[in-house]
Amino acid sequence: MASLTFNSVWKRYDQVEAVKNLDLEIQDGEFLCLLGPSGCGKSSSLRMIAGLEFISAGDILLGGERINDLEPRHRDIAMVFESYALYPQKSVYENLANPLRLRKLGKDEIDRRVKEAATTLEIERLLERRPSQLSGGQKQRVAIGRVLVREPKAFLFDEPIAHLDAKLRARMRGELKHIQKRLGTTTVYVTHDQLEGMSMADRIAIMREGVLQQVGTPMEVFNEPANVWVATFVGDPPMNVLEGEMHGGDGGLSVVGEGFRLDVPASRAGGLSDADLSDRKVLVGVRPEALTLSGTPDAAHPITGRVYAVQPLGDVEVIDVRVGKQRLLVRAELGTVANEDMDATVYVGYRADKLHFFHPGTGLAIRSSAARQTSVTTTA
Amino acid sequence: MSSSVLTRPDIDDDDVVAGPSGNAEDQVVRGRGARLTGYAISFFLGIYALFTLAPFFVMFTAAFKATGSSFDLPAEGDWLGALKKLFVFTPTLEHFTKLFSESNFERYFLNSALAAGGSAVISIVLGTTAAYAISRGRFRGRSDLYFWIISTRMAPVVAVTVPLYATFRALGLLGTIPGLILAYTVFNLPFAIWILKGFFDSVPYDIEEAYMVDGHSRWQALWKIVPLVVPGLAAVLVLCVLLAWNDFIFAAVMGGEQAKTLPVATQGLKSASGIDWGQIMAAGLVTVAPMLLLGIVIRKYMVQGLTMGAVKQ
Amino acid sequence: MALLDRASPDVHDVGNPPLANRQQPRRYLIPLILPAVAVLALLSIYPLAWLIYMSFHQVALAPGAPDTFVGTANWTRMFGNPQYWEGWRLLALYSGVSMVLEVGLGTLLAVLLNRSKHEKLLITVFLMPMMVAPVVAGLLWQYLYNGTFGWYFWVLRSLGLLDGGTILGSSDHALWAIVLVDVWEWTPLVALIVLSGLKLVPKDQMEASWMDGAGPVRSFFQVALPSIKASLIIAVLLRFMDNIRIIDHFIALTGGGPANSTKVLPLYLYEQSFSFFELGYGSSIALTLLLVTIIVGKLVVGVFETREAKGPMSEEEV
């Protein structure tokens, strides 16, 4: 086990820069999730740790040692591939034993470790089968088994459960987290699914177009997104963002747009008036669960909109509300709005302490004081 | 509102890395010995390329050397003299003029072209429809039929020649170009079916179904997917021409003097009293050059065609 | 844990449908095959019938003259003839040796080409011999081997590798000289087939094997070789069949000599049929050659079908 460090790492292909100046420190024993949409550079970053991709510039340190020039086989790192990459001509047992045989372990030791991993993953019955005789979920377990039998310095996961069905994914999230916590092995986990990051990782590193956007615990990333892009990427349904204009008044600052007027809490007013906002435009973010609906206008529901669609989700429902030309998703108790209410006028209330403010030009979050915003973010 | 900051990104299943992919070894970090290994690889490949090219060089130079002293070998072990002999000579076209003025090579060239081209066209036309039907059909006996077709291609040329000779003799096809075209179709047609079936197999039936759902008839749908197999058609065309052009046995047995092709004519130069190697090498060059050009110009289809049967996606 | 994941019981047992409606397989496609089948039948089944007929006859030389039925005379003559069996032996020796060389060298070339920066250029170079008409290749090499004018002869002599006599004039050397021509012309084909197989080696499996700790050699044997195995088998069988099919090299280089030391069976058949016009006797030989080829051909198609049939798996979960 060891820590992992990216020092100003770049990855260039012929024309494209896949990873730009990545600085990242992964603690010993930590479960770090590299999260981002397709093409954001997360896989390239992972493969540079593995040694499968050449590091164009910068260094990667494993346990304090520079590993840039080490071949993959000498890095002592294990990896689970998105496609599982099982050896089709070998039995499950031989797939698991392969890394151990290459390390010239004794026959008994190999057998012990393979059986142990098989027990952990509940695949004892499958040891004699070939990969072609396994289902997707079983293959995935074997792929995990192949890294479990080793005691490497780090685990790498490249979208390991992306191809499983939803039910199995939910179960595997729990199992992977349990196994990682029990073994305490440093783990880097690449995914495009924010739910996986939120539910499993100690910390999440969010990337976009090769640039690291924010690193933090799931709660930090969720509650204090560094910019509007992170804010809308994390959380499901995603955060609402309204564009409005700032107005000062006797009661303090407020943000005004077609169909709404939001009062800015006093605690946030300082940061907002310090921010360099041209045309007084500002983006306001609020999560669907921080909104409430009412059929009658009152002071607690200052946003006026029309029902566009209702999506019942079993226990709750998500209501799509159009406010002027803008769009709000509201999460509410099941039955708050019926299908027949389409186009009906509704009034939306919000929790003032759950408002987020972003700079419309840069997308960066505007915090309570201007000083704070630079400390957590990297410029895009 | 600046949309670039706000748009929620589309999320795909696979995180496609821009840049070179395919060969896993392109990017991987290599150990210290890698450079040395690289040199060793280049060295070996260079030697093999030399082994491949040397005969061509000898053929090419011999075709332009005047008959006589330039064909003597230097004394054994005289490597310097050998280099001089190989490279220093006055090129002459005498062999080529003789081929075309005295030996009728323009006739043979035409015969070769007609036989190869004719058989390639017939094979493509009949092969495309048959390959499509075998690829899409689900009727009984389909695989037996397929095997029978393939096996005709694999039949030993000599073994087929015997009965074909007798058959053609009865039909009066001996010594005619149509006879040769038919004979070449024996191995070109199964070959075309074999390769084109692979191409049709790789075109999902969904595409035709989509056309049919859109309101096209079956035959229109078939016509619509033909562009998708054009690379296959090109590969087949090239290889059919190549196989027929290069054939010796069929042409020797059944072509006679009337339908003599280049390979037969070239071999025929040998049996004359005393062997004029300059003459033979020039004839060889005339035979080989069109196919070499074909191979180099449409290398991609050539490689595809040659390996197609063996490797399917 | 497994309790939670039991497959849900069949809620709706709908019973068996009566299957009253017959599905039409795609029979409408059959007409498309007919022209090809007709041509091939004309050119293969009809001659095959004639081949069988002739093998029991003394075939008359003049067209129209009646053939004489001779029973199994052609067959007994063939099986009793040492030259026939020697033809098989030489064919096996020739095919075996050239195949081992071509497959070994071809695989090596493919692996190296796959790692070379000049892959495209080199493939063009390696394509060239395959474009050469085999009979011309034979003539070219006959020239190279020639005892008076031949450069390869001169090189071998100068290196002291050849004492006395010419290459093709020696019963000891002639067959190997033809093997070399075959290697020159067809090794690149094996290399191309293996190379295109190598391109299909799953990248992720290769990487997984590196992560497991395998070096280049080990990962080749562990991942690449199993996945190009089928390509290799195909290459071997294709070469084997071509060695039976094509005798142009022999005709150009030696014509079977010296002292019948290169008279492989197809060449013997060619000579009997078209030099001596023993068409009946030739037919018996041709039939045995055909039989062996069909057996080998069945193997080729078999390899294809097992690969295509590699089916899906059970979808039950752990």
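We just call them A, B and C in the order they show up, numbering each chain from 1.
Just so we're on the same page, a contact is a pair of C-beta atoms (placed from the backbone, for glycine too) under 8 Å apart; a residue touches a chain by one contact, two chains touch by 3 or more.
Keep in mind the model is a prediction, meaning the values are calculated, not measured.
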Looking at which chains touch which, would you call it a line, ring, star, complete or other? complete
Between A-C and B-C, flag the pair that has more C-beta pairs in contact. B-C
In angstrom, rounded to a whole number, how far apart do the mean CA points of subunit A and subunit B lie? 53
Taking the mean of the C-alpha atoms as each chain's centre, how many Å separate subunit A from subunit C? 55
Whole-angstrom distance, CA centroid of subunit B to CA centroid of subunit C, is 16
Which parts of subunit A, given as residue numbers and ranges, touch two or more other chains? 51-52, 71-72, 82
Among the residues of subunit B, which are close enough to touch at least two other chains? 24, 28
Residues of subunit C touching 2+ other chains? 207, 210
Within the complex, subunit A is touched by subunit C residues 1-2, 202, 204-205, 207-215, 218, 222-223, 226-227, 310-311, 313-318
Residue ranges of subunit B touching subunit A (in the complex, touch as defined): 1-2, 5-6, 8-20, 24, 27-31
Residue numbers on subunit A that touch subunit C, as the complex places them: 50-52, 71-73, 77-79, 81-89, 98-99, 102-103, 121-123, 126, 132-135, 137-138, 141, 146, 168
Considering the complex alone, what residue numbers of subunit A touch subunit B? 13-16, 18, 37-40, 42-44, 47, 51-55, 68-72, 74, 82, 159, 162-163, 190, 192-193, 208, 227-229, 232-233, 238, 241, 243, 283, 358, 360-363
Subunit C touches which residues of subunit B in the complex? 21-25, 28, 38, 41-42, 44-45, 48-49, 51-53, 55-56, 58-59, 62, 71-74, 76-79, 82, 86, 122, 126-127, 129-130, 132-134, 136-140, 143, 145-152, 154-167, 169-170, 182-183, 185-186, 189-190, 193, 218, 242, 245-249, 252-253, 262-264, 266-267, 270, 277, 280-281, 284, 287-288, 291-292, 294-296, 299, 302-303, 306-307, 309-313
